[in-house]
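Can you read through this structure? Questions will come right after.
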Amino acid sequence: MSAPVRTNPISPDAVDLTTTFAGLSLPHPMMTASGCFAYGQQFAHFMDVSQLAGLSTKGISPAPRMGNPLPRICETASGMINSIGLENVGAEAFLAEKLPYLADLDVSVWVNFFGEDADAYVRCAEMLSAGADRGIDVLEMNISCPNIKKGGIEFGTVPEVAHRLTKRCVEATSLPIVVKLTPNAADVPAMAQAAYEAGAVGVSLINTITAMGIDVRTRKPRVATMYGGLSGPAVKPVALRMVHQIHTKHPDIPICGMGGILSGEDALEFLMAGASCLQVGTANFSEPPAALRVRDELRTLMAELGISNIPEIVGCIGRHDPEPTYAPEASWT
Amino acid sequence: MSAPVRTNPISPDAVDLTTTFAGLSLPHPMMTASGCFAYGQQFAHFMDVSQLAGLSTKGISPAPRMGNPLPRICETASGMINSIGLENVGAEAFLAEKLPYLADLDVSVWVNFFGEDADAYVRCAEMLSAGADRGIDVLEMNISCPNIKKGGIEFGTVPEVAHRLTKRCVEATSLPIVVKLTPNAADVPAMAQAAYEAGAVGVSLINTITAMGIDVRTRKPRVATMYGGLSGPAVKPVALRMVHQIHTKHPDIPICGMGGILSGEDALEFLMAGASCLQVGTANFSEPPAALRVRDELRTLMAELGISNIPEIVGCIGRHDPEPTYAPEASWT
Amino acid sequence: MPPSQFGAQLVDNQALSGGYFTLRFACDAACGAPLSGIEPGQFIMVRGEWGREMLNPRAFSVLDAQADGSFSILIKIYGRGTAALSALRPGGAVTITGPLGRGFSAPADATQLLVAGGVGLPPLHLQAKRAAAAGRPEAVEMFYGGRNADDLVLTEPLDDWGVKTTYATEDGSRGHQGFVTGALEARLEAAKASGEAVEVLACGPTPMLRAVRTMGLAHDVRTLLCLEEEMACGFGVCLGCAVPVRGPKPYKYCCSDGPVFDAREVRWS
Amino acid sequence: MPPSQFGAQLVDNQALSGGYFTLRFACDAACGAPLSGIEPGQFIMVRGEWGREMLNPRAFSVLDAQADGSFSILIKIYGRGTAALSALRPGGAVTITGPLGRGFSAPADATQLLVAGGVGLPPLHLQAKRAAAAGRPEAVEMFYGGRNADDLVLTEPLDDWGVKTTYATEDGSRGHQGFVTGALEARLEAAKASGEAVEVLACGPTPMLRAVRTMGLAHDVRTLLCLEEEMACGFGVCLGCAVPVRGPKPYKYCCSDGPVFDAREVRWS
């Protein structure tokens, strides 16, 4: 067994939680994830939303979308499946009705967006550019839209296709673009590289894993679209692996990590795997201020472990010491 | 909400649990999974092993393998990660020392096997063929060996490569081959098709999902090899989706389903998704006779739901009734 | 009252007939009485200290809420969450989010026919209690159905409040034999004949609500349905609890637009 | 006794100093006394009714087991599982697999120096009890270390049994100040000087076991270490609990070949 890295505990006040993601300075790493924070207003009942480092909005498309038929969600062991169908108010209504509230919050506003085809992606990026001086900080490009018809799957799984799409969107907007990756791709680091080389300032991951539940009484799938996206603690080990794979292969690519984050320890795992900022998704449903609790727990845990700042530990995971070599003939000492 | 499929409950005695997998007649669908049942003997303390429909052995390679350094396992939310490293006694010792016990059990004996390269796969299939008249019923070809060096990953993820490898092994043995698929492939139905067209009698899935855990105190991965394989209830929704995808695209391919099965209801979900026999893996660790409990629960549940036999429900999942169409202008009734 | 999230402890867990339980909770001292102003039909999301295998909280209508911060719910074991709640002992801690959604409003001119089935009782029970407390027990009438007499719980208070009740059981062991909708139909016919103004407020299993909706639409009386949909958040952000509606948008949300919906609005076939 | 899986209920949960708890269980009536023949160092796998978020059972050494089927363990809160056990109330149900592994054998000719730290106490405590019960309390000597006096629990029975004890605490609040290995070193020196035959049996934190191993090898006395590795199954099938060893094979298994290993066999640097 490896020994803990021995550093003396420090005072929580001495912990510096500030972090940088692609040149963006954040007061701490904790944001909220797309589709799990709507457009923010409802959370004001439960928390001081401006305490977040940032938030990602529900995915926005050029035109409003009505979403999928019912049922749309079901619970699984330590997770849930959703098939909301990317229901959203559309770019225009977003800018007019939702953005003003977000702009006033003084948090990093990431607008998650997508389109039904490549042109729609570009159009959406163009439309949202109007929000560049009205509070939008980042466009988070969701290239994993399970519900998009023809060809859509390739945006998220084929590096060349992702590169082309990212490039067009980057050229269409003055806003920085972060590409949100899907865990359903075979080679996630290749996807990250494709997005980064096309001009994205960083990547965020993971989106949900395609999954299914079955109601044995009705003999129907538990979400109406047959398959939906799995999120929550169940997926954390997969998310951590992908974050670490990208960071190891491409240490320069800024990573916003997510997938099942519920505690300060989860957050620290993602930072150590190579993420420099984080999003909390599903946890908001059961506990609206989850991201702020996680921030507080992260501070306490870092203090306990004597970690004074974030850059010190981003991607710090080492290998285990090798065991003494084994020689089958070796006699006992 | 869909109404339950209304059938009258029947007596548990009236439930016929027999099933057929690729021409193999089984008394019920419940087997145990490779790597989670060792070579069987230890389980005799806890259960009547001969009550199983079948079992899959720890993966066998041509020569013995010593396995990975420590730590090899860690727990995650509703799951665990393992990196055992395919430690096994090797084909020769297996045939001499382990097979006789299994042959006496009168259960379907599936020998899980792999090789360090394509030639070793073929060699292993050849060696194990000696067990054809000594109790081996099926060779379960594990094409997802995360720990195999160069090229190994392609066996499990590239359909053409899997096709070639399967074909060679099928030609090398008189035993039926079932190909065990990895969920880490981008297009799992294509992998199933490649294996089937190459002469495999069916497929089994899922193997574990590549995953990672981090010990924030030691700043080390929680398994020594950095990444390991995720199993348990956490992966069930992903496994169900893949079973259903294969069954929908290729209804003729016999499927042995697994991934997080813990209850009779889980088992029924897999059957309804399209599997015709099932394996229980991780659950054996906490509850050695788990597969037999699952069998009993399956019988009780089928009786309650008025399902008298397995073929009736394999792959029976229907779609939800469409909602009445929406016309935005429609006035209220 | 805007929603908040707060802690509470079980005070009392009472097993009733038919597998029902009433659970009474006290709010953490610092929280005051966040549910005291609740409308019948409003609900709370409940999470116990049961780890994260059950990731999301469970929705329950409020059966009653007092000014001292205590409140109660009526449950029946459905799956793991309700089983865990039914086994909770006094002192057991839960986390509550609420009050959530929009409930029924108090009776105005029309007599409110309250139609309840199963765990759909709480909103209508509280509606009856409020009407009685406002000195208008005659403004509501309870129609309450179940499989058998054991299925009908908490009926004594209704008598105490002076609320007129009509019971129906499938096996005839209490009240009319048959579905509660049979009794409702007769009542609606009578109201039509006498020209009496009535409206229908219903909560219960979906098949019951579908029947009530059809009946209400046919009689052209205002019919309000308190719906159940699977929920993850309960406060309008996950968009999981969509209810198909007519009107300018195809869906509304059970948790934030409902759970009470006008029967005419609901887009059911 | 071959292992089996059986149900048990908590009889008694005693909080000790230092954050330790002893939990006493009774086996389900039908099971008899499956642990009564346990060897000190053998262990059980324990699973509570806490759902499947914690998927695998937890390993605990048996502190004591009676002929009536009752048995006890000593725990300290480490993570969720031990926290859940520490909160278990009388009547609470658990599922046990055991007895598992190979333990220590009773003292023969050499005096057994029992070296215990933290939750490594149970095997040695039971070893001492057995020696005393066999009328040979002088065949064992207990060396027991902790951070402070609160860390040393269940010491009174040792006196009752007439077992010689040496305590060491890092802060000197009980016994020698320093690590228990200091006292052991002195004892080994004395044995060497007098030509007395001794052997060492140790269980505790890995750093302690490493020090004991080095010391035992240096003094060339038989040294047995009771190891802890993360376990999924506990009965030799998952191959998760590998222990690197010298000899014909590179690994043995903590659960089935151990948890007691000869210090010379263990391949530690």
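Remarks
For clarity, chains are labelled A, B, C and D in written order, and residue numbers in each chain start from 1.
In the analysis below, contacts are C-beta pairs under 8 Å (C-beta built on N, C-alpha and C of every residue); 3 or more make two chains touch, one makes a residue touch a chain.
As the structure is a prediction and not an experimental result, all values here were calculated from the model.
Discounting subunit B, connectivity by touch keeps the other chains in one piece. Shared contact partners of subunit C and subunit D, listed by label: A, B.
The chain with its CA mean position farthest from that of subunit A is D.
In terms of their C-alpha centroids, the spacing between subunit A and subunit D amounts to 44 Å. Averaging C-alpha coordinates per chain places the centre of subunit A 31 Å away from that of subunit B. Centres computed as Cα averages put subunit A at a distance of 38 Å from subunit C.
Multi-chain contact residues, meaning those touching two or more other chains, occur in subunit C at positions 52-54, 244, 249-250.
Each of the following residues of subunit A touches two or more other chains: 1, 3, 66, 69-71, 77-79, 232-233, 323, 326.
Shown here, the protein chains touch in all possible pairs. Residues of subunit B that touch subunit D in their complex: 35-38, 42-43, 45-46, 58, 66-67, 69-75, 77-80, 82, 84, 87, 232-233, 262, 282, 284-289.
Within the complex, the subunit A residues that touch subunit D are 1, 3, 77-78, 233, 323-324, 326, 328, 330-333.
Contacts from subunit D toward subunit C in the complex involve residues 50-54, 80. Considering their complex, residues 2-5, 45, 47, 52-57, 95, 97, 229-244, 249-251, 256 of subunit D touch subunit B. Put simply, subunit C touches subunit B in their complex at residues 52-53, 206-207, 217, 244, 246-250, 262, 264-265, 267-269.
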